[in-house]
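A quick write-up on the structure given underneath.
So that you can tell them apart, the chains are marked A, B and C in the order they are listed, and the count of residues begins at 1 in each.
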Amino acid sequence: MNNEEMLKDSIRELIYNVIKEEQGKQEQIKINAGVDEIKTCDNSTDDGFVEDVTVISMQDTFCVPNAHDPEGYMKMKQSSSGRLGIWRAGPRPLSKAYVRFIADHAAAQGAVWSEVDQDIIKELGFICLESISSSKAEYLKNPNTGKRLSPESVEIVKQNANKNVNVQIVFADGLSSSAIEKNAKDVLPALQQGLKSLGLTYATPFFVTNGRVAVSEEIGELSDADVVVMLCGERPGLNSQSSLGAYVAYKPTIGMEESRRTVISNIHRSGTVPVEAGAQIAELCQSMIKHKISGVELKLI
Amino acid sequence: MMKNFKRQEILSVGIDIGTSTTQLIFSKIILENLASSFNIARIAIIGKDIMYRSKVYFTPLTLDDRIDLENVIEIIDYEYKNAKIDKKDIAIGAVIITGETARRANANEVLHKLSGYAGDFVVATAGPDLESIISGKGAGTDKISKDMNAVVANIDIGGGTSNLAVFDHGEAITAGCMDIGGRLIKLDETKEIIYINEKIKKIIENENLNISIGKQADEKEISKLAKIMVRQIEAAVGVCPKDQYYNMMLTGKDMPLKKPIQYITFSGGVADVVYHQHDNEDVFKYQDIGVILAHEIKHSIIFKELHVMEPEETIRATVVGAGSHTADISGSTIEYDESILPIKNIPVVKIPTDLNKEKIDFDKELAKRIEWFRIDGKQQKIAVSFEGTPSPSFKQVEAYAEQLISGMKEVINSKHPIIILVENDMAKALGQTIRRMLGRKYPMICIDSVKAGEGDYIDVGNPIAGGVVLPVIVKTLVFQ
Amino acid sequence: MKLKTRMFGKTYQFKDLNEVQAKASEQKSGDELAGLAATSKEERAAAKIVLSETLLSDIRNNPAVPYEIDDVTRVIQDQVNESVYKEIQNWTVGELRDYFMQYTSTGPIIQRIATGLTSEMIAAVTKIMSNLDLVYAARKIDNRASCVTEMGRPGIAMTRALPNHPTDNIDGVFIELYEALSYGIGDAMLGLNPVQDTVESTTYLLEKLYEFRMKWEIPTQNCVLSHLTTQMAALQKGAPVDMLFQSIAGTQKANESFGISTSMLDEAYDLGKKYCISGAKNPMYFETGEGSELSADAHMGVDMLTLEARTYGYGRRYDPFCAMSVVGFIGPEYIYDTVQQIRGGLEEHFMGKMHLFPMGVDVCYTNHMPASQNDSETLALLLAHAGMPYFVTAPMGDDIMLNYQLLGNHDLQTILELSGLRRDPAFEQWLQKMEILDDNLKFTARAGDASIFLK
């Protein structure tokens, strides 16, 4: 045995012994991260909480009694966030599954119809803009109204847009205000850090109320940045009410083809991890500036 | 790095130098971007095709029973030529020295010489538990277990050892190794016994069997011995109680069965005889006890108590495993300096604590563990592995970066590269944060979706799939 | 052609038939978005009155999009049975509606008349029918077609299982399939919308589905709904395709935006007849949705319902095994809320049946529509009464890939028990063999346990 091997062997042995000793202590330590703060809504003199049905993931929900292969079932369930193994009462779903559905649907609709929390907008230092939509209903029925800035907002962009920056970041509520509330605080600093480390400059981000993806085109024209990064709330699903999409374009122009945008969708806690999306988008900006294009053509390089 | 990567095939080699046979395979590993077009790339291995299998050679040995490196290299050169494969084209691969051979005097030397020789990123694997899992996967037992949603064991019985791996719903749950094999007694052409393994000698003495060097091999006596050998395997798979020889016959640690085994497959050279035995054949035709051992396995209670199935590979299970099932790939959003790749045989320091609970401990814990790799005042290269919280906030990523840098002070002082392996997806943001804190020039590899434990060694190869991912081999020496 | 009327002393004048058709349509946000909708309830009523007095020959002679510039129009016009048309050309739209309601107008009689109609006529009559009219008339018609099994038999309600997964993960797809089958879902088809639109991935999924269907001897058919060109390439390379799927629309321009043409569909049909492993008599499957022409900027000034009817007219060329409209999927800018969703579902089902193939409606909504599962359940019961040949369901109605809600796996059994409808007989027997259904066609204790397929 050569020296290197002997060395490794002795280290190995040492490590095992130490680990064994430590194992007892360490087993108690568990991850306690990322759980969203629970908002309390207490306006009565009650005797405590009804269990929060929304904290358990669909993967961990299991109600089938005497299943043929419960272990295999659970293992298969890990690969899908579908409502599986929820069982039934007669032919109907159990109350547990029904109220969970109601909760998820309420949150999904809430994400569409609510406004982004002003505190979050302040905390992130966004400059606020709005589209020409007069209401959420109009915005939903006529998507075109979400694609243009109101005259007041045009002025704000003109005043605040910093010419000579590489990247203009824009957030818009899109179809999910909670996508902004849940993800912006992680995507934004990761993106800004990435841009900085790549030597790219960026301006103060805008936030557009009742804004669709295409509103970034007008901002692009007004601000003259090389790249506009639009982070827009995506249409909510029952399992992803807070999903953000990134639509990144080089020198966008009003009415341009969709194919000029590079899209990264599904940015949320259980999809594309927000901090990773931010880091990746920074690199994407660099690539667009280098090749002076975006979208499908960039992919072909 | 945002290339439109769809699909790539890379070439992999597996080389198995066993107690009795040496083999080589080439396989194509197919990588595909599984993400839909509107998502960040997610590269995965979607298929493995064996495209070339060498002949099965007797392992060349020198007169003093060392591996004959020159002859092994000759075999390898011949097979590369025959398969029309250039070493430059090999992206990844593994050399494995199994069985009794691994304990031979020059095994490590051979392993290291070959690992570079067979291709730039062909690495050496080691450790009986890893061999067991590799041969189980090569036999296809993991697939059988997954398809049947059952607990399935593979026993790879070679010349020197029997490697046991147990899979539950496709995942390895137990692995171990015993010194039981077909060439623990060897004969010459006249059936005179010329070699007996030391542990086998003890059984022979204890049982007063009429087997010794210089004598003619006697089928009856050897059958008695083989029955005892098979009983050890029966005990290992839980169909009979352990006897007085059990602990002695273990190569390393015992393999506790976490769940009862439902199905069983056999691979290795002896398995071929188990599945395809012919009557009236000369039991000593291979000049060893392999055929008798196979016969005893076939008549053991394993065949009565468990459902025996035939695997995809028998004699080639280990080499197929080495060629097709050792390499994995990192996550698809990562940060690295290409200039320090590939890296080979780096020991892993695993931090079991989580940052959020034990904020103060993380860097101290890390520093303490890193110190174990300080030898004669010299800090060794290490890779740091931790689970990390799923979908961390940016603040959490910054905290991880600070703690890692603080804990790796000695590594940084020694100007070693920073190598971070994190299980959960965060490597790109974490890598960029570390760079912001340490400066862009500091050499670093920060990859995710890699699970490596304490005591493991890691190899990281040159970028593949357009630079989106890195090939990774985690060498688990002891199965936990 | 009469294009004006007076109502309560006020005159309503329309410039052409397309305007009458658009303004006679029930309120839908898509027609408002396109600027085609009636601007008041009175104007809508007036348009309905004018439409009810319009002759079928006027509609035949004024197709929604000119014959010369649109091959959807050409397909529709050219497949009219001229003898039948001759008999009815002088009927008004109102007379056609009354004819459908007569006791003497049985299914086969209506099916014969249907061969003499253009899609625009069918759209027109639909606009002067109430919800109950649509249910009543549709119930009379049973259109049959066959793939591995037969669809459209009277008294039978089948289902498509929808095992979609955001990354096509094979374990994820199969657990959803197991779950569906354990609730007695899947006799219409095991139909997966894949994420990856590649020949390799489509072939792989088809092979897995086929292997599964064979292993468990399930009397049904499989479909992987990638683009038609992808499926054709897979079929040519020997993939086990039971039927070929494509989304279609009601104008040539919209179909071009889907990357399809009549010659391509003709080729697919021939290929399917020749190579589909099912040996299908009817190897095509179509999906449609109101608003798809508008969203492709290809509506040509025509209202959504007329375009939807034209879509079915186009599909009829290929005698599909079935078609399905995704009523609430395309978004609130086309179908805004519950009222529009329920109306749209009943209209589409009736119009599909008038085009002589088995027609299903994916009873569904997205989360940015003011709608809920309650409304879907209401529509489902109405469609069961209307004799819809098949439904589509997902676990608890949640499609985790397309992010919308449809009917749940539980809902079919509930509907069958309430309506006295039954599953496909062969599938029913298979479910009994699997001990999922008992002798009374109720769930056994094993129903709802997907893990029975694990061993």
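In the analysis below, a contact is a pair of C-beta atoms (placed from the backbone, for glycine too) under 8 Å apart; a residue touches a chain by one contact, two chains touch by 3 or more.
What you are looking at is a predicted structure, and each value in this text was computed from that prediction instead of being measured.
Colleague: Measuring between Cα centroids, what's the chain most distant from subunit A?
Modeller: In terms of C-alpha centroids, the chain at the greatest distance from subunit A is B.
Colleague: Please list the single chain whose C-alpha centre lies closest to the global protein C-alpha centre.
Modeller: So the chain sitting closest to the middle is A.
Colleague: When the C-alpha atoms of subunit B and subunit C are each averaged to a single point, how far apart are the two points in Å?
Modeller: Once rounded, the distance between the two centres reads 54 Å.
Colleague: Where the centres are mean C-alpha positions, what is the separation of subunit A from subunit C, in Å?
Modeller: 34
Colleague: Using mean CA coordinates as chain centres, what's the gap between subunit A and subunit B in Å?
Modeller: From the centre of subunit A to the centre of subunit B is 39 Å.
Colleague: Taking each residue of subunit C in turn, which ones touch at least two of the other chains?
Modeller: 454-455 - these are the residues of subunit C that touch more than one other chain.
Colleague: Please set out, as single numbers or ranges, the residues of subunit A touching at least two other chains.
Modeller: Those would be 69, 72, 266.
Colleague: Where in subunit B do residues touch two or more of the other chains?
Modeller: 149
Colleague: Mind listing the subunit A positions that touch subunit B in their complex?
Modeller: It comes out as residues 1-2, 5, 7-8, 11-12, 14-16, 18-19, 22, 26, 29-34, 69, 71-72, 75, 185-186, 189-190, 193-194, 196-197, 245, 262-266, 269-270, 272-280, 282-284, 287, 298-301.
Colleague: Which stretch or stretches of subunit B touch subunit A in the complex?
Modeller: 1-4, 37-40, 108-109, 149, 169, 333, 347, 352-358, 372-373, 375, 387, 389-394, 396-397, 425-429, 431-433, 435-436, 440, 454-455, 477-478
Colleague: Considering only the defined contacts, which subunit C positions touch subunit B in the complex?
Modeller: 167-168, 195-196, 198, 200, 454-455
Colleague: In their complex, what parts of subunit A are in touch with subunit C?
Modeller: For this pair, the touching residues of subunit A are 64, 66-70, 72-73, 76-77, 79-88, 90-93, 97, 101, 105, 108-109, 111-112, 140-143, 175, 235-241, 266.
Colleague: With touch defined as at the start, can you tell me which subunit C residues reach subunit A in the complex?
Modeller: Its residues touching subunit A are 29, 32-33, 165-166, 169, 171-172, 174-176, 178-179, 183, 332-333, 336, 366-368, 372-373, 394-400, 403-405, 408, 410, 413-414, 417, 443, 445-452, 454-455.
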